[in-house]
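Single-structure report; data block below.
Per-chain residue numbering starts at 1, and chain names A, B, C and D are given in the order in which the chains are listed.
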Amino acid sequence: MALPQRQTDIGPPHYKQFLPPVIEKNYGQWKYHERIDAGTMVHVAESGDKVYTVRVASPRLLSTDTIRDMLDVADKYCDGYIRFTSRNNVEFMTADESKVEPLKKELKDRGYTIGGIGPRITNVVHTQGWVHCHSACTDASGLVKAMMDELYEYFTEKELPAKVRLALACCVNMCGAVHCSDIAVVAVHRKVPVIDHDKIKDMCEIPTTVAACPTRAISPDPAKKSIKIKDEKCMYCGNCFTVCPPIEIHNPEHDGVAIVVGGKIGSLRTGPKFSKLAIPFFYNEPPRWPKVVAAIKNILEVYAKNARKHERLGEWVERIGWERFFKLTGIEFTYQHIDDFTFMRDTLRTSAAFKW
Amino acid sequence: MSKKYDTPLLDELEKGPWPSFVTEMKKAAARSEMANDELGQLEKSYRTKRGYWKHGGIVGVLGYGGGVIGRYSSLPDEFPGVAHFHTVRINQPSGWFYTTKALREICDIWDKYGSGLTNLHGSTGDLVLLGTTTENLEPLFAEYSSRGWDLGGSGSAMRTPSCCIGPARCEWANIDTLEICYQMTQKFQDELHRPAFPYKFKIKVAGCAVDCVASIARADCSIIGTWKGKIEIDQDAVQWYAKNGMDIKAEIVDMCPTACISYDGTNLSIDDDNCSRCMHCISKMTKALKPTGEKGATILIGSKAPIVVGSLMSWVIVPFMKLEPPYDELEELIRKMIEWWDDNAKPRERIGELIEARGMREFLEAIGVPPQPQQVFEPRKDPFFFWKDEDLTKE
Amino acid sequence: MALPQRQTDIGPPHYKQFLPPVIEKNYGQWKYHERIDAGTMVHVAESGDKVYTVRVASPRLLSTDTIRDMLDVADKYCDGYIRFTSRNNVEFMTADESKVEPLKKELKDRGYTIGGIGPRITNVVHTQGWVHCHSACTDASGLVKAMMDELYEYFTEKELPAKVRLALACCVNMCGAVHCSDIAVVAVHRKVPVIDHDKIKDMCEIPTTVAACPTRAISPDPAKKSIKIKDEKCMYCGNCFTVCPPIEIHNPEHDGVAIVVGGKIGSLRTGPKFSKLAIPFFYNEPPRWPKVVAAIKNILEVYAKNARKHERLGEWVERIGWERFFKLTGIEFTYQHIDDFTFMRDTLRTSAAFKW
Amino acid sequence: MSKKYDTPLLDELEKGPWPSFVTEMKKAAARSEMANDELGQLEKSYRTKRGYWKHGGIVGVLGYGGGVIGRYSSLPDEFPGVAHFHTVRINQPSGWFYTTKALREICDIWDKYGSGLTNLHGSTGDLVLLGTTTENLEPLFAEYSSRGWDLGGSGSAMRTPSCCIGPARCEWANIDTLEICYQMTQKFQDELHRPAFPYKFKIKVAGCAVDCVASIARADCSIIGTWKGKIEIDQDAVQWYAKNGMDIKAEIVDMCPTACISYDGTNLSIDDDNCSRCMHCISKMTKALKPTGEKGATILIGSKAPIVVGSLMSWVIVPFMKLEPPYDELEELIRKMIEWWDDNAKPRERIGELIEARGMREFLEAIGVPPQPQQVFEPRKDPFFFWKDEDLTKE
């Protein structure tokens, strides 16, 4: 069958053709919104028009089958419009209040999970993992699934002091939003990479490889026409592996994940914050990583119990102090927690005031 | 397709209430050989705790240098269906709105050429199609592009811009995030499809400081809507919140970072001059508070992931810029930034890293923006600062 | 005349022999203190004993004549004891309340300046300047004298929101406490040093000199048996001059001083803070540096007018924001203010929240 | 001595109410040729805006490598009295207490051998004698040392320790600052007089977190008194403050950094567990509040001036150490620190800089102190951290 005429550099379709009519009409004229329940909110326009939004969880990794199933629902209740959020949830919108409950019922009947709105956990921003990326040293979708099974009611129902953003990255390239999340998981290596000297000759540029190392651990090894790595300088970032695949950074026996906490993105109240290391290491324990999941739940619940209303996790920790965070969560403080990299100067305590 | 592999470990992940990606893979596997082998290889990864993908090779469609991530299994004999398993990045529409018709079309084409697996969406924002072969790329692209869909970015290129829902459904949008995102995507089509930069360059557009698209953390160029003017207060609505259980003192007054709100039990008042427009009070009392005056955006530069010297968040460069169609001023600013970066960066050096290496002055001079206190949290702490001859003669 | 037998490694005399009896008796048993006026306070011991302290300004650079004059006063009112403070003021102490007023009167009669206690300006911590140091690019004592003449009443009388610590260093070696002071002056160079290649041969070790440069601006110049400096990398720290005198950093035409503000040392409330650059440059204008003095007074008075009680200058600025500080003081913000050195990452604003 | 130079510029600095150093110099100049020429050279500096001193040469007294800063005029012909103009650092007694007798003796000897000019005191704490000649050093030292005075530190050595007035006159002292300062000075006499370190090493001892001796900013080793226990409250005294005009809510409650104080108009109460012992409330209500319980000190390391990579403030190393005579534990700790530093530092590398270069772990391991959250404001932000083989096997 002949293929249609290809086009180039056309960019994406203009979004206007995809906007539900009530949105097109009231574009930029919204007055306020109200949360109705954990998965439903209404936005009210200056015109008096309303749009109801029902938010549904998504595993992000979707088959076309499931997408089509969602589209059927959207056809039935939402005039054929559907939207996805910046955190990969699905949003069903309607201007017609009477459709909201039937819509929710149908979604539930079809097995969808409604929630994620308001001071709760919403979908986890995550990455490819073993599903697709050569760089992954943990799986993304699986750990996220295990995590969210455990935290499910914080999506569908239970309120927290504020929104809690979870994320996961399957290597330190951190394609997720790990570095500024309330609680996040990042996969890490712990062993110096192993060099396949034979392959290096053909596959890598030595100067580029040497330059790739942030800690200057790599130097040329002219005898071998290869490179060598100074073990004690390597902190296993894998950047050498990215530019030169024969430098194998993966080590299933010693790879695993770390938990970081306290980041945020919005400038509300205290401004964006980087996440900080909470627990430096867990072994990969597929399929359900029980220790990681339990540790996350513990942090979340200690936060939920102690924080003030509207206080993000990082704001709470900063108010009480990190020394108190470690005490309350029972997490051990290790050498790994002490910054010895870019921010060392700012993180070492230069004050005589602290808590026991 | 019939079930090809036993997947006892993955089957565990079909249990529990959260929607299961394994179920998704199995659905696709029921129709696709590729998805079937993907499932098999993943089960093996779960057993051995390691991935089985090779470094990506360069594959793509004619005339484009990006938009496809080449991916090959390191066990092609064991899992021939994923010997090739490339992802295709389709540039999403602004705000991730779709008609069911359009999305159904996307699915149909994908079922024809690929594994039937997708990511809705990728972290950068693209509609990600997960798993196809090299020979399917051209026909697939012909089908999509003829229907108005184009590829997104990859490699050392302009990456697919994205934006928050903004004016489409949010009362706090100060700028037209969707249109800005669309226009920037269009203006940089060439840079998006033909990688010629030192490294990736990402643009994200948020309508206000709440930053629902994480622009300040994940975009080389973060565009964040804001305003210059007063916060209008509807005192009746304030009372509505008070009556509906809000502890205005604790939740609003005491949480304002600049302590510029006061409340006497009846009237709320804001010292607008001292407000930093952080959005806390507005977000918590949306019926009562409304920014007024001039609308525009703060332009910030530089955020990125931690490789290789630690993550960066974007830095305020232009505290306020009016943003109105056709957005030429914004385009011009971004082009100047990119030009300076392109001229000076080493390969794989992001713009934020280059600014760090060269100092903010060089960057500001290159793009013609004056120094302003809004660009810093605080001035420098050391007594070591440069002078140019022109500074010395100026005085 | 024969010299007495020298001793070595004896260390300083034990302080106990120098403690006034009331202090020896109540050592470690103080209960509280009260400020009586700008230069007088009383400490009350658990025993009920009291010690009155009268504090007197000192130029620090003292002739033995003046010291003897002070000792006469101490003999008359303080049983032959005297003390100096960590900021070089002189303290006259007595356990006898009836002696306090006569002591103060006599001090005043002899021309001494009483004050410096409480939320005021106290003595300026400063350095040698042209009086004694080869490294000085301004004078210390003279600028301090000019400054304190102008701020005199803040020592003797007027209250400020909190203590304001002033300091001055005559070069970036910063032998004073400039880096953590409320308002301080530091002398700076602005021109790349000039190299005397002939002298370098004899006087300097090339590798040491190259290594001394923090910005790697220096490289060997083997042809000349000397070194060369990459102009655009030099930020005039003078460290090369310290290790190799023929690298002349002094340039009277372009040397001058900068003003830094907002530092503090105690951990009270907000913890120690580094001072930050307020005004990058003033020319040296001996004998009275009128522009520098005026600028300091302006900053002090804007602070005095706007800060809350007990709020140190740096705490006030952090509360209102640096953008506001520049607005209120009318100080111009320049490229020099933007950190391009060690703390660049932490000082660039990563938040959408700020004031206009 | 009669007036030798016209000093119109310096004369300006005899005007105004603040005590004038010029007057001091003139007093000395009336008796000393050296002081006279010092005045003349300084007037010239005021005219030309530059100093006239050469780099210091190495001069000193027999058996000592420090305590004297050699100084020579670069204009010896014009100002022969300052051809040599060395400073002598006399180690001050703890807390800068003197009897008039002792200080008079110091003056008398100085008038005999030097310019009659002094600094009471130098920035490090020494009693500084300003201006003498090389040949006068030995006799001067014989006179001083025979009367019980020794030289202070200079060069790459232990520097003269100093301390706040502490228990001598301050109700907040948690440790005996004067005795600790004295003992450390005695214990490190050899290191103080014979420079053998990579660079200078300074110790300062403050009795509490108010830090009246600026230890956290200006000492390689900062010793700061603190306590473990409750703050005892005298409610009558609280009322005394209230009646005497203190706004307890604004000045105390709202300014507590940990928000652990409450006040109901009559009673003040403190949640001691959450107190960070910052000293604010205590310093403002000294009659009412008193720390109780175990007393000791926090040991911090590393502060220094900005040369060459920016100033450092000291970092908390040992959150709490009991400090009691004979202070052997403290001595031992400091010796371990110095030993590690000495073994590893480049010349002119301060201990703080070395810790920065090598990482805190190596330092902590060398001195045998475990990692503790009190050592940091916050944990690291990046995912790049080292593991030793022993860590991997430990789990």
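Throughout what follows, contacts are C-beta pairs under 8 Å (C-beta built on N, C-alpha and C of every residue); 3 or more make two chains touch, one makes a residue touch a chain.
Just so you know, these numbers come straight off a predicted model, no measurement behind them.
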For the pairs B-C and C-D, output the one whose chains share more C-beta pairs in contact. C-D
So, in whole Å, the Cα centroid of chain B is separated from that of chain C by 48
Distance between chain centroids, defined by C-alpha means - chain B, chain D (Å): 51
Mind checking the centre-to-centre distance between chain A and chain B? Centres are C-alpha means, answer in whole Å. 12
Please list all residues of chain C that touch 2 or more other chains. 172, 174, 179, 214, 237, 267-268, 271-272, 274, 341-343, 345-346, 350-353
Of all the residues in chain D, which ones touch at least 2 other chains? 209, 211, 216, 257, 276, 278-279, 306, 310-311, 313, 381-384
Quick check of your reading of the touch definition: is the inter-chain graph here a line, ring, star, complete or other? complete
Inside the complex, what are the residues of chain A that reach chain C? 267-268, 271-272, 342-343, 345-346, 350-353
Please output the residues of chain C touching chain B within their complex, sorted ascending. 172, 174, 178-179, 186, 188, 190-191, 214, 232, 235-237, 254, 258, 260, 262, 274-278, 280-281, 283, 318-327, 333-356
Listed in rising order, the residues of chain D that touch chain B in the complex are 306, 310-311, 381-384
Inside the complex, what are the residues of chain B that reach chain A? 9-10, 12-13, 15-25, 27-28, 35, 38, 42, 45-56, 63-64, 71, 85, 87, 91-104, 107-108, 110-111, 116-121, 123, 125, 130-131, 138-139, 141-143, 145-150, 162, 164-165, 167-171, 173, 176, 178, 182, 185-186, 189-190, 193, 209-214, 216-218, 247, 250-251, 255-257, 276, 278-280, 283-284, 286-287, 305-311, 313, 346-348
Write out the stretch or stretches of chain A touching chain B in their complex. 3-15, 17-20, 23, 27-28, 30-33, 43, 51, 53, 57-68, 71-72, 74-75, 80-86, 88, 90, 93, 111-113, 125, 127, 129-134, 136-137, 139, 141-142, 145-146, 148-149, 152, 155, 172-177, 179-180, 208, 211-214, 237, 239, 242-243, 245, 250, 252, 255, 263, 265-272, 274, 284, 286-288, 308-310, 341-343
